[in-house]
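What follows is a pair of complexes built around chain A, which joins chain B in one and chain C in the other.
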Partner chain A sequence: MSERAPRPARIAPAMSEAVREPFADPAHQRDAVALGMWAFLGQEVLFFGVLFVFYTHLRVRHPELFAAFAPRLDWRLATAMTVALLLSSFTMALAVRFAFVRMRGKLLSSLLATTALGAAFLAMKGWEYAHHVARGESPIVDLADELGPGPGLSTFFGLYFVLTGFHALHVLGGLVALGWLVIVAWRTTAEDLRGSPVMAVGLYWHFVDIVWLFLFPALYLAGRPA
Partner chain B sequence: MRSWLTTTDHKRIALLYLGTMTLFFTLGGLLATVIRVELATAASDLVTAETYNRLFTLHGVIMVFFFLIPSIPTFLGNYLLPLMLGAPDLAFPRLNLASWYVFVAGGLLTLTAMVAGGLDTGWTFYTPYSTTFSDSHVVLAVLGVFLAGLSSVFTGINFIVTIHRLRAPGLTWLRLPLFVWSHYATSLILVLATPVLAMTLLLVAIERGLSIGIFDPEAGGSPLLFQHFFWFYSHPAVYIMILPGMGVVSELIPCFSRNRPFGYEFVAASSLAIAVFGFLVWGHHMFVAGQSYFASVVFSFLSFSVAVPSGVKVFSWLGTMHRGSVWLTTPMIYALGFVALFTIGGGTGLALAMLAVDVHLHDTYFVVAHFHTIMVGGMLMAYLGGLHFWWPKISGRLYSERWGRIAAYTLFIGFLLTFLPQFVLGTQGLPRRTASYPPEYQFLQALSSAGATILAVGYVLPGIYLLASLVRGRPAGDNPWGATGLEWRTSSPPPPHNFNKAPVVTEDPYDYPRAPQPTFIGAGDV
Partner chain C sequence: MNHRDGSSPAPSVGAALVVLSALLILTATTVGLAFLELPPAVHVGLALTIAAIKAALVAAVFMHLLREAPATRLVALMAAVLLAIFMLMVTVDVRHLGG
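The block that comes next holds the complex of A and B.
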């Protein structure tokens, strides 16, 4: 670990609007916020890690479930969702840049674009959920009885709903954070814009995209002939 | 009142945590009291077997998740980290307050589960019992524990960022107090292990509602998968509980030996080593659960290797006292009690890590005695030692040293009398978690219950004289023990922003030959 000279801690109340209580200057605060978000993402990796272990366990023990039921998932729709999320990551990266150089108008439009793309993802996801539930492909409507005891359709769709459900909740959380950033940027003048919160939400948003990039092949492309 | 509930001052939040956790500890203690009264006789005559299951489950859930895990980090850590680092507060003060609210919400959910009829799965929530068969309030309880875990994650992130980014000028990594090192290692575990438990408990709740085949073998799931997930968190959680205690003891022993800690760098590194090794040993909880023999051998070996960094710490404490000038005050008695009981608890842990021995001892009173020796004997001794050491700093008052010593010795004797008989009961094969037992175990069980009575007195006493000191205690002064460390350079209690003048560190830690003289003179100084 490279040794950095610790910065002096601030004792007097903050003089500038942009810096909060325990920090000495904006760069110091930015460092701390980035480290805090990375630590949070570290715990997110472990949080989703449980789900991927669950996936691996089922895939190894019951590959026939994936061969039988994964083709029922619509990979074309999932590709459209992937494109929406990748584009949203691009606009998010722009937003972080615009926040740090204090270009308020462009910050607002890239935040709104990110929000719209994220919402589009959730809309497609919701449509897909409704479609599967209508066809009885869900853990709520248990069809295992028809197929006899043992793992079956409801097991595979249980996995599908749990994995994509926790991901969709994270997208929803990201949208809430984005909405908050839009409101803050709307109310703030260009000189008083703070880059740190946009950067933190940006890191989180990219992480949620990356989780989807693993879910997409793991669920939609599994069990298909090469 | 309102200023307390909206405060972002780390010192006030620490005291909010102290109050909340004291309530949970009292509740968990009352449950333990009923358990010990029931076990005083061989028949199940005070409560039914079903009630007994609920009693030990709630005792475990409350003590583990609402007292032991948060105890030292959220109270002493919260209070002392910024002071020791020379910072005005933690890095994210509002996140700190949020963590307390989330913790209280989790506690209320768990209490709701308790009032609504309780929980009978054991604190381990083993599947498929918890997902399929138990008709108690599993969902409420696991959501409560989930929130407590979220609060832990907030605290861990806050500590990591604070230690990295808010050190005073000149306070390099190798000048950090050992308390800070142990909290750094603890925070790594809090952040990296807790999410696994969080997701696992959510999956238990989902499985109970929907039966989606995660842990249910009927639907292609595996109950063993739950045990892997659960212990992947819950073994590191043992180090979440003990590492901060080790940090406290590493502060007390140099101060009351008036000596530098022996092998400072090794003690600091051993905290990190324990955190890392702690992630690799979870399988030793599953030796008889049907995991592969090869996996068991590897987990057994790795479990033994945790003894190395733990041993480094014990030898450092002994080496610090050797050629030191030992001063037997109340905090030091607790520290010595910790060293003795931690060594007993650790050694019996090695016995359990042996594959063949574990087959005999698994799920007996030996296991109960082992982890209570680490948790109650070790961790609680350290907690109380830390509380007595920093009480003058926190309250600005001196407590009765005479009563302090009486309570410390009472606790130590009560502890040994309660739990040493349980080691014997375990080797004789008495299974844990039963309300009734064959009459030949009656004598040792009664001895254990008698010891628990003494233990209870030892817990009530500090509550009385510490509160009395707030009214009658003499002013403590800035540094009654003549200790090193930045927290002793400010007033007692410290001002809102901790230091009136930003501290600058120019010397090595624990420079006891040149430390200020203690202003506290001993038992007569009441």
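The block that comes next holds the complex of A and C.
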């Protein structure tokens, strides 16, 4: 396990995408990875769906919270975050392409660009969180004197931190997976590159981007004209 | 178009650029619309529609769903359809039934 012996050529050169036991060929294996990832993402849809139930309930029952507190969210910063994630999805799609056509240099550049854009997103999010907490806009309630008057500032920012916090955790998870892909690609020759792992991480990354595409208008653009 | 010949399931650089441009234009549109004086229901409807179009673009091209096997497309479609039913029932419950 620990000896770094060169991997034996288990398969014919024409099928250098390492085909595992139950699969007939690389395309068959790739299709199975794609199906498995989409089944996993279906569960993630349910997870975020439950968070949006929390959102819908507050938005319908307490629109005054959105009128009062949504304008405190920085839509300009959130627009920059949206652009960063959209650009990262673009570079991720390119990374998947370059992995399958075995262009190692371009694959590494695309993966590093995606990682940098994801890190930029998290940095902006961290700055935003620090800004809100410094202004007392947090879900933390002083039980001694803040419970009682019903939903208020801490309710709205509770929603904001829960929704964006779980999303940010997903971005962080994606960055860890991207770091792993960079290390693997760095240590692999162009002929031995495998497309499926890059594709699997890519599907996850795009999904996390899609969640943000809904969070952005739902939180940052709600109640703007008021 | 066919990934079974060993080429990539992901879009070409040109196709990815077209989709990225569309996503950026839609983002600018949704930001602009947010500042118009419109009834709240129209605001929510427009924002949700644009977000859904953007999600569909990402799924179809960046996530190469259009090129996937029928079973994979069905799994993805069912996730979206079931989520829509779920959210519709929740909205009806919260708005009209006191849930």
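We take it that the second predicted complex is superposed on the first by the 199 of 226 C-alpha atoms of A that agree within 3 Å, B and C clash if a C-alpha of one lies under 4 Å from a C-alpha of the other, contacts with A are read in each partner's own complex, and residues count from 1 in each chain.
The criterion applied here is as follows: a contact is a pair of C-beta atoms (placed from the backbone, for glycine too) under 8 Å apart; a residue touches a chain by one contact, two chains touch by 3 or more.
Note that the structure is predicted; figures quoted are calculated from it, not measured.
Asks: Contact-wise, after the overlay, does A:S89 reach chain B, chain C, both or neither (first, second, both, neither)?
Replies: A:S89 sits against chain C, while chain B stays out of touch.
Asks: Have a look at where A:W75 lands relative to chain B and chain C in the superposition and call it first, second, both or neither.
Replies: After superposition on chain A, A:W75 lies in contact with chain C alone.
Asks: Of the partners chain B and chain C, which touch A:L112 in the superposed model: first, second, both, neither?
Replies: A:L112 sits against neither chain B nor chain C.
Asks: Does chain B (first) or chain C (second) touch A:M103, or do both, or does neither?
Replies: Neither partner.
Asks: After lining up the shared chain so the two structures overlap, which partner does A:D31 touch, if you call chain B first and chain C second: first, second, both or neither?
Replies: Touch partners of A:D31: chain B and chain C.
Asks: Which partner does A:I210 contact after superposing on A: first (chain B), second (chain C), both, neither?
Replies: Second partner only, chain C.
Asks: Using the superposition on chain A described above, determine whether A:L51 touches chain B (first), chain C (second), both, or neither.
Replies: Only chain B is touched by A:L51; chain C is not.
Asks: One more residue to check, A:V182. First (chain B), second (chain C), both or neither?
Replies: In the superposed model, A:V182 contacts neither chain B nor chain C.
Asks: Kindly classify A:L41 by the partners it touches after superposition: chain B alone (first), chain C alone (second), both, or neither?
Replies: second
Asks: Touching chain B and also chain C: which chain A residues?
Replies: Looking at chain A, the two contact sets intersect at 31, 35, 39, 42, 46, 49, 53, 57, 61.
Asks: Can you name the residues of chain A that touch chain C in the complex?
Replies: Against chain C, the touching part of chain A is residues 17, 26-27, 30-31, 34-35, 38-39, 41-42, 45-46, 49, 52-53, 56-57, 60-61, 63, 75, 79, 82-83, 86-87, 89-90, 92-94, 96-101, 195, 199, 202-203, 206-207, 209-210, 213-214, 216-218, 221, 224-225.
Asks: In their complex, what parts of chain C are in touch with chain A?
Replies: 3-4, 6-13, 16-17, 19-20, 23-24, 27, 30-31, 34-38, 40, 47-48, 50-51, 54-55, 58-59, 61-64, 68-69, 71-72, 75-76, 78-80, 83, 86-87, 90-91, 94-95
Asks: Which chain B residues qualify as touching chain A in the complex?
Replies: 8, 82, 85-93, 153, 156-158, 160-161, 164-173, 191-196, 198-200, 203, 206, 210-214, 218-222, 225, 228-229, 497, 499-502
Asks: Give the list of chain A residues in touch with chain B in this complex.
Replies: Result: residues 1, 3, 5-11, 21-23, 28, 31-32, 35-36, 39-40, 42-44, 46-51, 53-54, 57-58, 61-62, 65, 139-140, 142, 144, 149-152, 154-155, 158-159, 161-162, 166 of chain A touch chain B.
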